[in-house]
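Chain nomenclature is as follows: A, B, C and D, assigned in order of appearance, with residue numbering initiated at 1 for each chain independently.
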Amino acid sequence: MSVVETNVATTGAMATGANSPAAAESWQPSILAFACHWCTYSGADLAGLNRMEYPANVRLLRVPCSGRVNPQYVLSALGKGADGVLVCGCHPGDCHYVSGNYYAKRRLMAFKRLLEFTGLEPGRFQVRWISGSEAGKFRDTVTRVCEEVRALGPLTTDQRQALADPVLAGAAATTQAGEAQ
Amino acid sequence: MSDTMRYAYFPGCSAAGTSIPYTLSAGFIAKKIGLELVEIPDWNCCGTSAALVTDRDLAVALPARSLAIAEHNAATAGLDVATPCAGCFASLKSARDYAASSEQRRARVEAMIGESYSATADVFSFLELMAQEAAATAIEQAIQDAALTLAGLKVACYYGCALVRPASICRFDDNENPQSMDRLVALTGAEPVEWAFKTECCGASHQMTEPAAARQLIERIFVDAAANGAELIATACPLCMLNLDLRLAEVNKRRQEAGQTTFDIPVFYFTELLGLCMGGGVRQLGIDRHFHPAEPQAKRLRTLQQLAEEQAAREAAEAAEAARQRDVRKEEAARKKSEAAADAVPAAAGQGTVADEKEVHA
Amino acid sequence: MSRIGVIVCHCGSNIAATVDVEQVVQVAKTLPHVAYAADNKYTCSDQGQQAIKEAIVEHRLDRIVIGSCSPRMHELTFRKMLSQTDINPYMLEIANLREQCSWVHKNKAEGTAKAIDLIKMAVAKCDRDQPLFTMSIPVNKRALVIGGGIAGMQAALDIADAGYPVTLVEKEPSLGGKMVMLDKTFPTMDCSACICTPKMADVGSHPNITVKSLAEVEQISGYVGNFEVTIRERAKYIDYSLCTGCGLCETKCPTKTPSSFEQGLGLRKAIYKPFAQAVPGKPTIDAEHCRKLTTGKCGVCEKVCPLGAIRYDDTDKVTAETYGAIVVAIGYQLIDWGSIYGEYGGGRYADVISGLQFERLVNASGPTEGHVVRPSDGQEPKSVVIVKCVGSRDPEHGRSYCSRACCMYGAKHAHQYLDKVPDGRCYVFYMDVRTPGKGYDEFYMNTQHDGALYLRGRVSKIYQQNGKLICQGEDTLSGQQVTVEADMVVLETAMVPANDADRLGSMLGITRDKDLWLSEAHPKLRPVETNSAGIYLAGTCQGPKDIPDSVAQASAAAMKVAVLFAHDELESNAMIASSDVALCNGCGACVSICPYSAITLEEITLRENSKKVTRRISKVNPGLCQGCGACTVACRPGAMDLRGFSDEQIMREVDALCQW
Amino acid sequence: MQTADLSAIAADDLKLAAKIARQAGVGLDDCYQCGKCTAGCPMAHAMDLVPRQVIRALQLGQVERAVNAKGSWVCANCMVCSARCPQGVDISQLMLAVRHYGKKHGLRPEPDADKFDDAFVANIRNFGKSNEAILAAKYNLVSGHLLQDLGSVPKMLSRGMIGPKIHGVKDKKSVRAVVDRVLKDGGQQ
């Protein structure tokens, strides 16, 4: 995958330059949130419609279903610059695709334990169920995750390197297929 | 079950006291079928319901002590435990299950009894033990060898509570309509009756402290047994036995005073019935030691030859009667046929192709 | 090399107030492969759309990123716009700058920074957009209805009346289901047969309906609009094209056996119609009991049949046909209470009967011609106990749910009994009385006025003593242990799914809930649809319900079919999964995870290194795939991907956010 | 009839009730008061609060009312209730838990049963085995029912069921130690 040449690193909130001491003071956590189209993404839209304010550190990435979220995406995000990752989907039993969030729950929970085993703080990877009508819950969840990650501080270079370890990627692949068990 | 049918034997406190007939008759059967019972040395009382209502731990610790001894003693080590008494069975099995359920609990039990206990050996009641295939087959064989039968005797098999409840611990027979004792009793040729009080409580634990209320529990068991034609009740528990046998007189007295019918329904251990059919004597099995006289029912024992002779005589009588009725029917049929033939002519003409049903059958 | 056009919308001041649109455009211009970037006041307006169309031509753009409101708002609008250009409508990404940015942040610097990130993500993803195409699926306008009870009949009639041909498959010899067995229906007490048999006749004679009785669905494949269905009609041993249903064979047949229609309370012949008004109105031979078929001797029916319609050598008929839609209406059965309630005698007492048996006893055309008598001795019971919730609300022994109809039919039974035996006494043991429905509670109160004594408590034991059935209960309202000596006991038993539910459910790709009821697509908003497009539910197969609710759901299902059939063609989803043959190792993980049974394993033969090899690979059915992507994550070799949300696209979004 | 002021029931009362139920592995809110337990209870006719009402009292947080009732002391522990409960509530164990709580806190509405059990446990502690005659005599003494069952003594004697010999274990100390260890620790799992 090509790394794109650019001169706008300073404007991107997720610039990895945050690790430099000069940037420490103004450091803002960068959080990537995977949101399923049917529940959480529309919940977020509803929060907008209601003009609910929440921290600007969160970027939503729309997926059709939380079951579409491959643990590899999370590894990649944390390895490459995000300080925290949130995966959100429909409530258990409400999945637009019948059982996608059930599989997401099973594989992501196994994956979370794996991440914690590598020394990642539990607050940095969270899975939450937010419906299309729960604008308030969306705001609260995002705000809380943001605060938690802010309290944890930036992810260290060592941690990021640990996450880039190919052994971990292999292990993540096994949680990926966790539903087969 | 082990091939040799060897068990560590927990007799229970009543074995040498109120349940002597059970001890005698079970011992007689054991000898006949090659069942070896090795008594656990210096076993102690299982604590029964008194320990349970006093303290949950006590109800585990008391039986656990005996079970631990069985493990440690060379003669009983590695053997499953067998006990005649339903109450002891419940206590022992509950304690064993508790200790076996987690390492933590097992350690607690060891701390309470002050010695090691692995909780590996299982616990069986005599009923379950004898209902198992190998023992039941041996019992059937022994009865065949003795050529004796209790045919015609109607028996209400009474299981009580502790052998079937809770199902999670007993894991043995249906708790509303159990069949294991019925099947064993049927081996004697006797007829187990269907009745509804097989597993209703007899109130044994309350006979001292709540006598008025608890006597009713005894009475309703006899009422239902009688209503279903039972001539005796078979039981597998010394407490039930003592309770029903001892207090039947009192029940009868009350009923007599109230102008109700009284019951002549003695209570037997199921082992006494089996023992009788294996050739055991009334005194040998302890049947003479019941409170309500049981000898009349025991005297219904016959040899298979006697039974065959009776049956042959009955069949001959029946055959003669059947032959007589056949003749009557024949005459009747002949008369009807001639009438029907007269009626059938217009009907057949109306239907055209319709054939006479009788012809088709022919 | 792609040429991306980026348009950032002001949305009046909705976006522009907290996002520096100009700066976003400037940054966008610097992003790779962006050939054009501009702002627009109202992008969704006609002028806004026109401006994009012009830019596409002018700058030779091949894909578009729009920074505007939520894609849930205008994604379709912009796709439509693109379909009027040379660009494929799926070469489009939308960055949500309004609902998820300008409206929720006040600080303009933060808002602008976030908007830039969102545009970067969209550009990164858009760079890998592929043209996607929908398929048009022809709709075969013939419906299959499985189950000929009241729900199945109603659905079939409605669809047929809308002008579409319907095949109705019924596993019993006659239509009618459970309803035709009932005596009267609550709360109006109209005769069940009187309102049910006309429907049966309508179905039987409708020119658009083909009834297949004694038939079962054996196999189903395909997808909405195109279901390939194999149906097995079991041998009836009678040529229906000749038989007139005169019934002579039945009167002459020498073999009698318990009738399942009469719930074992009456007998029928080996050649029989289950009941007089059966549809089809022609008999069948029960091969299990027929003397001719079991022993080779007899043949009475063949001899008496004036038309020569008997066929002892008849065999099952298997047919395969294509249907566009399926309505499942397989109904329910009653729980086998005897195996779980030893305390009620476990089925040993002849006079402890089920509610459905009572319906036959009290029915004028039933085995006793409507005289309420004890099955054991034919005597009229002078006291009857009715026990509700037998198997319902009893997770330990039966089911946890409430069966919904028993409170009402329990009250009906009490009323009917007291009506037929005015000097009788009736006791009803209940847990709660649940009567939500028009006229329902009034009906229940009337039953109490009739003299039924309602006792709140669950019966613990029923046993027979001296010819009486003794019921032990507690009247929890007065706190007393009570016993009733009854002549007969009626158990109002739980409804449970039909035997077939599990097999049929898995064949059709319909999920079953914990109790094996077939699941609707959404409990509130899609109550008759299933997760399989084109398959609908009617009646009790979806959960316990009474007749009015079953009929209502059946008509709703029929409407769904009619709506589907109003189209000649359906458009398939473009954003679906597909498997890369080169990477697939045939492990089947995708097959088991797919909630729509859209993936199958197939053997293919291909040339690898100039050798012929046969491999198992997975194949996605585009008519069934809904595009959830669960399979992509389960695929370890990475062969399965989702169009429109590919692994590469999502990874590029992640990278765009984290690496720049 | 007394009015129960439910708002006067503190959260702690409810907690205590739940705690007692937990000892029995019972969730109080599982019970929907169908009364099947009581309907089949062989001893219900001798109870003031029947099993269903004991659970109800606990559901309301009225622990003392539940404990002070005879119900749990009269329970014969036959477990029919537990076997038949539609909700899997182990009522039998719950009655036992209520009784244990009462015993621990000196609430003993049914002293005869308690005296019998105490006599029984003492019998085991002393001899290691239960001696029915001694037990019966002792119970009759402490309960004041002096003549109860005396009629059967000669019968038992003549049948060899009771006699002058006292049964016991050899290692009396070890049994005594088990009993003392468990009861001194306050027992209870």
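Everything that follows uses one rule, which is that a residue touches a chain if its C-beta (ideal position, glycine included) is under 8 Å from a C-beta of that chain, and two chains touch if they have at least 3 such contacts.
Just so you know, these numbers come straight off a predicted model, no measurement behind them.
Between the chain pairs A-C and C-D, more C-beta pairs are in contact across A-C. Rounded to a whole number, the gap between the C-alpha centres of chain A and chain B is 66 angstrom. With each centre defined as the average position of its C-alpha atoms, the distance from chain A to chain D rounds to 57 Å. Chain centres here are Cα means. That of chain A falls 36 Å from that of chain C. Mean C-alpha positions place chain C and chain D at a centre distance of 52 Å.
Listed for chain D are residues 45, 80, each touching two or more other chains.
Touching two or more other chains at once are residues 175-176 of chain B. Those residues of chain C in touch with two or more other chains are numbered 343, 461. Shown are all chain pairs that touch, namely A-C, B-C, B-D, C-D. On the side of chain A, the complex with chain C involves touching residues 1-9, 11-16, 30, 32, 37, 41-42, 44-45, 47-49, 51-54, 56, 59-65, 67-73, 76-77, 80-82, 96-100, 103, 107, 139, 173, 176-177, 179-180. Every residue of chain B that touches chain D in the complex is listed here, in rising order: 13-14, 16-18, 20, 42-45, 47-58, 60-62, 65, 108, 112-114, 161, 165-167, 175-176, 199-201, 203, 205-206, 208-214, 216-217, 246, 289, 291. The residues of chain C lying in touch with chain D in their complex are 343, 389, 393-398, 431, 456-461, 472-476, 479, 481-482. Touching chain B in their complex are the following residues of chain C: 248, 252, 254, 298-300, 303-304, 306, 342-343, 345-346, 348, 461, 463-466.
Those residues of chain D that touch chain C in the complex are listed here as 32-41, 44-45, 50, 52-53, 80, 84-88.
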